[in-house]
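Look for chain A in each of the two complexes below; its partner is chain B in the first and chain C in the second.
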Partner chain A sequence: MHTALVIAKRELTCQLYSSIGYVVLALFALGTGLLFFGLQFQRGAEATMRSTFTGIVWLLIFLAPAISMRLLSDEFRSGSIETLMTAPVSDGQIIVGKWLGAMGYFVMLMLPVAVLIGVLEACGDPDYGPLSSGLLGLLLVGGFYLAIGTFASALSENQIIAFLLTIFIISFFTFVLYSLPNASFIPNAWREGISYAYVNQQFDDFGKGLIALRSVIFFLSGIALFLFLAAQVLESRRWR
Partner chain B sequence: MIQAHELTKWYGPNLAIDRLSFEIPRGQIVGFLGPNGAGKTTTLRILTGYLPPTAGTAQVAGFDVLAQAREARQKIGYLPEHTPLYPEMRVEEYLHFRGQVFNMDRRLRKARIDVVVDRCGLQPVRRRLIGRLSKGNRQRVGLAQALLHDPPLLILDEPTAGLDPNQITEIRNLFAELRGQHTILLSTHILPEVEKTADRVMIIAGGRIVANGSLAELRQKMQAGAKVLVELAADPAAVQKALASLPGVAEVTVDGREGWCQAVVQPKGMDDLRQAIGQAAANNRWAIRELRAEHASLESYFIRITAQQNQAIEAA
Partner chain C sequence: MKSTVPQTHAQRRARFGLNVAVSAAAAVVLVILLNVLVYLTLPGRGIFRLDLTATRRYSLAEQTLGVLDRLDKPYRIVSLVARGGLPDEQQRISDQVLDLVDEYAARSSHIQVEHIATSDIARQESFLKELHDHYSAQLNPLAESIANSRKALDNLTTLAPAQAQAIEQLGKHAALQSQDIRQALTHISQLYNTRIMALQQHLQRVGRLLDGPLPNYPGAKAILEAAIEDLDGNFLAPVAGQFEQWARQDQAPPLLSPSTLPRPTAAVPAAVRESLLQIAEQFEAQRKDLQTVVTALRVAPAVQQYEELVTQLGSNDVLVVIGPGQVRVLSVLELFRPAEAGADGPQEVPEYSFLGEEMLTGALVAMALNPPPLVVFLYAGGPPPLGQDGQYLFNYVAEQLRKVGFRVEQWTPQPMTDRSGQNTIKPADPPKPQAGQKTVWVVLPADAGDMNFLAQASSQSVMDHVRQRMEAGDNALFIFGSTPMAQFQPSPVAGILAEFGITPQLDRLILSQRVTPAQGSVSTSELHVDHWPKDFPVAAALGGMPAVFVSASPLLLSPSTDALKVWPVAVVEGSSLWAQLNPDPSRLSEAKYDPAAAPPDGRFIVGAAAEAGGRRVIAVADPIWAIDQLTQYKTVMLVDQRLVSTIAFPGNAELFVNSVYWLAGQEELIAAGARAQDVRRIADISDAGMAGLRWAVLAGLPSACLGLGAVVWAVRRRDLSTPAA
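Up next, the complex of A and B:
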């Protein structure tokens, strides 16, 4: 774990050095601010951030791939992966370290959300239960999307391909699984199973203030699955 | 320090290295030579554990590079070709990162960073961004990270590629300082560099080792079959006739000027023709101004031996 944390620290530092890191931060702050002040910050409205959190989940479809696209692609392009993979480090440690570094940056992205919670506190009496569960839900969704991004980044030396591939896979868990249960050719017995893998539905409970075990299991197993696949892809590079 | 047994690597249908077996004893500096595409980088990548061989085994410091990968890698300092680094990091920050990856505690890391920064001449740039360094300084950072954990084996792939003559001399001096402390496997194209620094030379061509021995052994092989140059006060036609009739002579080229003629005699086999040529000159009462075997360089030997291997592969 120590080595994974070392790699995570370097990755986080690298995100903070890169211009794209600040572009993502600015876009996220702008998007979150627009969602909050446009949808929720109205006289007499409930002091909650539920709609903002739901909007952020949609924003993450594009922002998470921007964070994760360079994680491994850039190492492949520059050749620095060779110095990493010839150090006494396992492929799993490299993958977990990269993902943790991206998660660290994602947590920093949440700072504007903390500011907005401060605004709510100043102007009303927010219920911290749904706020905390919503933040936890965002972390889980972000972690899931970044794990998908880590996997996609392990597949290509090209950051743009990694970016687009991540959006493509995330779209499956959002747009496709949203519309699929309504399709006439889907047997009734399958509809519930398909809905279970629909990310936004899994997040809904968190926004309401509920921490459902099945949702937590969904996100954690999704993260584990994509990190495992990423480690397998990295391992397979040695054998090509 | 290194034991490679029947190492073979296929990339799809292409055979990169073919049953390579060699041993490198502790403490030696070994020059690893070969034309582009001969399999040098593939061999180094297998030894460092970056690539697994298709067949065969390799051990570094007694550890199998596949089955005991972590232990083996801990014993190796590796500088890959093109020196990949993280341009957004500062030199010292990067070395700290590498030290942490190699499980060095903070105190040891700081002490070793001071040593390698000093040894690699990085003191003036230790707080500079790697992306803003010259190629020479980047190469030094690459060497510093390879030396950082004080590994018994250094594997350096083209460490002087793209450097100017002054920088090459500095790196060569660094190797001289490291002699005896580390075993060094050094892949390079610059043959004079090998002649000046290496104890031993391995030449690879077409995925096979075509020469492997100490420099003294190779020099003997280089001299064998060397052309003989002789300068005589004689008629060129007579010289041509007399030397061509000597046993063991393949070809004579005579060039006459100002009463003196210069002849280049190529032997058929590996014979040394100097004595026979001297005897022929004495018999004909020709004055001799010069008689010597042509100095065979590692470069000409390299060209000859790799060409032979390529011809053998084409013939097969």
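Up next, the complex of A and C:
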């Protein structure tokens, strides 16, 4: 784990030293601010972040791939992956380290959200239960999307392809699973089951102030699956 | 021994590739299986979910959990609620209702939930059809009689044009000498055509009412009855009579529209006479058919539950609870109630308490009642309290009780006189509770609300019956008012209430003095209440509900002991209240405030409950607090920039109904004080403040991030340009 943390620290430092990281942070701050004022913050409205959180989950469809696209693709492109793979580090440690680094940056992206919560506190008396669960939900959704991004990044040396592939997979868990239950060819009995895997529905409870064990299991198992797949892809490079 | 190590690169690729593919597929399958297992076995609610909201908004109360645990029959809750694309506040309400319903399903395997969006017309219609089928057996006689009536009227409208034409032709008959009859026949023909057109419109309206998944049989029945009666009574019968009269050359006054129909001035020729009699016969035959169908319509039994269903489903958003043999509809609007004023300080946005859980649980409990409690309105004389005659009726509260499945009856031990006032009718036998059936006797004043008579407490014979029933285990709600007789002889009701530690001061009337700009200081017996005692469930559930008492007397309560529990239920408060001894009803407004008769703590108890030895009573010292005029009194208020007519004193009916629930031992039906909503809202920020915040967040925050990035970039650039030591 220590090795993974070292990799994560290197990854995070790399993000923090990159100007692009701050541009993304600024764009995210603008996006969340627009969501906050557009959907939520009005005189007399309920002092919650539920709509903002829901909006952020949609933003993450594009944001997470942007963070994760370079995780491994950049290493492949620059050739630095060879150094990593010859070092006494397992593929799993590399993948987990990369993902943790991306998560660290993702947590940093939540700083504007913390500022918005501060604004809410100053102008109202928000219930911190739903705020905490909403933040936890965002971390889980972010973690899930970043795991998908890590997997996609392991598949290609081209960052753009990794970015598009990530969006493609995330779209399956969002747009496709949202629309599929409404399709006429889907049997009624399956509709609810299919909706279960719809990420936004899984997040919904978190936004309301609820932490459902099954939602936590859904996200953690999803993260574990895509990190495992990424490790398998990385390992395959050794014998390809 | 043969080596299994691949020898070539291709072999190695194939082997490792297969290995990776298998392990990846296994991982995918494993995760899918895990989630399928979780989905099937781990509910997304209940104990496997943490509710972090301050008020535990998404968790069910212990009372509800107990009710759900005791369910042993299948129930279905179907929501017909608008979803998506709603204004924020409406969306919040919609979400809250749907979440609650889902929580019930998650907590009980006996409850199945279905959400039908109001935009899903096809599913909605199929569900309404299903509800209709639920009552189809009971509705068959009515539906059949309506179909027969429509058929009879259809036949009539088919024949009518030919008949109208024949009448018109008759008016032009060459042998007919009388000009007046000629004109009259033409007029009748036109009238007939007009009537038939109107009838066709009625039939179209009936068609529209019946054309839907939930046909409005009562509405169709009413239209058909009225149309047939009108056609028969105002056209067919008089015209047939008139034709016969003309045929007989009778000089009697005309039967139809005397102002327009003439007496025959000349002999009606035989040919015309024959035709007139023929048409009259046809009309008589048609009348006979119509009378047959209208009689069948009248006697067709009304299906009250279905009628209520049709009315209630007229609301936009509803929850339909379907239990064994029963269907209940809860309007989403009914699930919200204005919070108690001043509870959280003045607020710009009116807060509403969510009563969804209480109402839904109440509906489930009510559907499980077997046998349903019996409520008997016991009156000493005068017009029955449940009916159409009489000034002081209790139909509204009785209806509320019927809605939750209670059996409601009325009875008097007094012999009655018939409408002629000549004959005495022996009193009917009192309603007999079934074995194990909880019974509540609502004891009404001798002459409810008769201010001239000052509403005596019920007569001795009523009290004897109540005492007898209470000894058998029944409970009673006593409604009474002040009476000048109280100073001379004790009221019979006082005797029973004394056993429960309640002493009514029936020789006093509570008055309040108000200062009005126009009249100066005025006394009134109208007392408004919107704060209720919180230590008794019947009253606690009314938190914030306005009620009114217009002729209240004070009650004195003994302190509670282990054997006797006494609670105030309704309390009037104010700085200028007093209990006027023997007031003059005609000069109440002139009564002067008497500080000596004012309550020491500024409040009078006007309603009280007591429990002793397993018996329960509730006493309310105002003879008319639950009559229809007060419980249904409406006022107009501004809601969402629309004027809405709403019941002004909902607390009156609610107090009555909750009292009966408590007396029937059905506390679970009482909408226990709405859970505090604790809706935390954003403060009223000035325009400048809002603009400042917008700028700070939308411009300041991204700029700060960019600034930070610039600093990092500058530092990095400096570090990189500095030669290593």
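Here is the rule we use: the second predicted complex is superposed on the first by the 240 of 240 C-alpha atoms of A that agree within 3 Å, B and C clash if a C-alpha of one lies under 4 Å from a C-alpha of the other, contacts with A are read in each partner's own complex, and residues count from 1 in each chain.
In this text, a residue touches a chain if its C-beta (ideal position, glycine included) is under 8 Å from a C-beta of that chain, and two chains touch if they have at least 3 such contacts.
Just so it is clear, the model here is predicted, and its values are computed rather than measured.
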| item | value |
| --- | --- |
| Partner chain(s) touched by A:176 [first = chain B, second = chain C, both, neither] | neither |
| Chain A: partner with more touched residues, chain B or chain C | C |
| Touching partner for A:37 - first (chain B), second (chain C), both, neither | second |
| Which superposed partner A:208 touches (first chain B, second chain C, both, neither) | second |
| First (chain B), second (chain C), both or neither touched by A:119 | second |
| First (chain B), second (chain C), both or neither touched by A:89 | first |
| Touching partner for A:160 - first (chain B), second (chain C), both, neither | neither |
| Partner chain(s) touched by A:17 [first = chain B, second = chain C, both, neither] | both |
| Contacts on chain A seen with chain B and repeated with chain C across the two complexes | 17, 239-240 |
| Interface residues, chain A side, partner chain C - complex | 16-17, 19, 21-23, 25-27, 29-30, 33-34, 36-37, 41-48, 51, 112, 115-116, 119-120, 123-127, 129-130, 132-133, 193, 196-197, 205, 208-215, 217-218, 221-222, 224-225, 228-229, 232-233, 235-236, 239-240 |
| Chain B to chain A touching residues, read off their complex | 11, 45, 48-52, 69-71, 73-74, 76, 78, 80-82, 84-86, 88-89, 93, 97-98, 100-103, 145 |
| Residue numbers on chain A that touch chain B, as the complex places them | 2-3, 6-7, 10, 13-14, 17-18, 78-90, 238-240 |
| Chain A partner contacts - residues on chain C that touch it in the complex | 12-13, 16-17, 20, 23-24, 27-28, 31, 34-36, 38-39, 42-45, 48-54, 57-58, 88, 92, 95, 99, 348-349, 678-685, 690, 693-694, 697-698, 701-706, 708-710, 712-713, 716 |
